[in-house]
């Protein structure tokens, strides 16, 4: 483990999810079962890749939302829709991304992603 | 948007789901968040493709059920199992399609699809 | 291994691919590496499932083509497009199935499947 | 159907899930809807493949857990995590397999699998 | 078919791929087999969705590249990497998107996408 | 970047692929386009996860082969089949893993993986 990488990763996580300070807090069951995994994610995904200067964090967030919707990873999508809003991406932009998902991943993937978004954006 | 395409799409949706008249009614959260998307689906998926004369609607329904089961899109599968029954495809035929899914998409995909079917066909 | 299941499976394979008599002949590299696997497929997939009476073989072929296209399994799709034609499903019907795949699995899956079909149907 | 294959399959299922004697009991809705499917799985998946001598059952269990996690088939994963523990694979080994899934199938697949594991291993 | 939608779609395709004027020209085998499909894609995917004002075309291109890489649709990815460059997205930004794909879709998806990009960007 | 992680990762890569000394050499086009990515993989995938003591490297190799086959990542599968053989896993064990893949990911995934294996094991 590497404290410098962890600090860089926590900084990115804090921009995406300022409410929780520095990302996942370790209080959920999977984090109790495998605490090293969540440290690994902070160090590698956020500390090694998201923190790189070659692409704006706003763009990283947008493409992450798009990929999670396309892959049907809807729990993770929920967290990243919140992160995208915290970075200033508008609700309308996110809806357009999810609608367009129908072209590349099919209508059911877009449907499911929009249902998740309706929950995150508190539309009912 | 195109009213002629919409009418053609609504006609197909009405054959699949006569109970709801003309498909999704716009009353669910995702349809409130992205009403244009559900109009897009009616116009493009149903108005432009399902309405084409080159394949019987019964066959379109059968292959849709098969694809949704293979892809693990089980919410959509539920709606299309109902649609297939409304078009006269028998419960036994649908069970055979879902069993055969094990060959091409694996046993877990077939298992999950049969669980959805048991719910739709009210077997408990 | 079970000779009765094998005979039932070989009968189905012979209807799909009469040119090769009874399906894969064991002459390709993977069949030399794992001959038991191809006997397993003949006995289980064809002998135990495809041979069941509850769904017409023409319908089994149609849904198989649809699933392979949706899953992007394009080598297998090629063989099953040939099988479908041998069972009397028309080229136009198969093109409609592949076009409709765009709705449920996305445009790229349909594109790739149509490219395979153009090869099988010798359109160039 | 083939009683000898069924007996071989039931024997394997009994090693994975001794609590239920011989695997799925037929008491759940999908098994009522499609009883032949669960007999098919016992005969083909367990009787024809898992029972083969060329790979230790412990290794078959480990690779099954890995594949289900990678494919996001989390209901089936739950059953096979239990099976793996019954065969003597340790909780720590299983956590390592699920963590490593992040490399090949992405972090969201590993996250979801670890959440399932936390439930199976009663970590909360 | 709808000439107004077609014109809107062709306009977007022309921005992505100015070299070919207005997107796929109908000269490849799949377009000869299923000409209606390519008109459908121009009208629905490009005319109905990409042409919407709620998201910048540069962002639509970026999320499309990201989704195609995540889904492993590498033929389509090649075309859209070219489109992205034509819209002014830099090579470095695209490499960052593809590297980040490793987090959400796994390292093999990122590897394959980078191999495609090396070809498009003529790195050898 | 972190030299200690890199050294740990290179050590694992050297066990899997002793012929190339320490894994990918940076001489292929994607490595020229994105050299940081291949360093990232060495540090994170191999240095942070594969190097952990909780699971034998032989088991890590076996589950990696299984996951790549299930996900249809056949280029990567080729490299890891070679790695598995270098770690002492037998050809017969690997064939059993790939055959069993048919249960969880479908017959086409197993077929494609066996074709790759026939190439790696030089069966023709």
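We just call them A, B, C, D, E and F in the order they show up, numbering each chain from 1.
Assume a contact is a pair of C-beta atoms (placed from the backbone, for glycine too) under 8 Å apart; a residue touches a chain by one contact, two chains touch by 3 or more.
All of these numbers come straight from a predicted model, not from anything done at the bench.
Chemist: What chains touch chain D and also chain E?
Modeler: Both-contact set = A, B, C, F.
Chemist: Give the chain pair, either C-D or B-D, that is connected by more C-beta contacts.
Modeler: Answer to which pair has more contacts is B-D.
Chemist: Chain F and chain C are one sequence twice: same or different residues at the contact, by the over-half rule?
Modeler: Mostly different residues.
Chemist: Which chain's centre, taken as the mean of its Cα atoms, is farthest from the centre of chain C?
Modeler: Most distant chain from chain C: A.
Chemist: Going by C-alpha centroids, which chain is farthest from chain D? Tell me that one.
Modeler: Checked the centroid distances; the maximum from chain D is E.
Chemist: Between copies chain D and chain F, what's the superposition rotation on C-alpha atoms, in steps of 5 degrees?
Modeler: 180
Chemist: Where does the A-F interface recur among B-F, C-D or D-E, taking recurrence as more than half of the contact pairs being identical by residue number?
Modeler: Match found for A-F within B-F, C-D or D-E: C-D.
Chemist: When the centre of a chain is set as the mean of its C-alpha atoms, what distance in Å lies between chain C and chain E?
Modeler: The separation of the two C-alpha centroids amounts to 30 Å.
Chemist: Could you please state the distance in Å, as a whole number, between where the Cα atoms of chain B are centred and where those of chain C are centred?
Modeler: 23
Chemist: With chain centres taken as the means of their Cα atoms, state the distance from chain A to chain C in Å.
Modeler: Measuring from centre to centre gives 39 Å for this pair.
Chemist: At least two other chains touched by the same residue of chain F: list those residues.
Modeler: Residues 36, 40, 45, 49, 52, 68, 71-73, 76, 95, 99, 102-109.
Chemist: Should the pattern of chain-chain touching be classed as line, ring, star, complete or other?
Modeler: Chain contacts: complete, every pair touches.
Chemist: Once bound in the complex, which stretches of chain B touch chain D?
Modeler: Residues 72, 95, 98-99, 102, 106-112, 114-115, 117-119, 121, 123-124.
Chemist: Provide the residue numbers of chain F that touch chain D in the complex, in ascending order.
Modeler: 45, 49-50, 52, 54-55, 59-60, 62-71, 73, 76, 92-93, 95-97, 99-105
Chemist: Sort out for me which residues of chain F touch chain A in the complex.
Modeler: 2, 5, 36, 40, 43-44, 48-49, 52
Chemist: Given the complex with chain D, which residues does chain E contribute to the contact?
Modeler: 102-109
Chemist: In the complex, go through chain D and note every residue touching chain B.
Modeler: Those residues of chain D that touch chain B are 28-30, 32-34, 36-37, 40-41, 45, 68, 71-73, 75-76.
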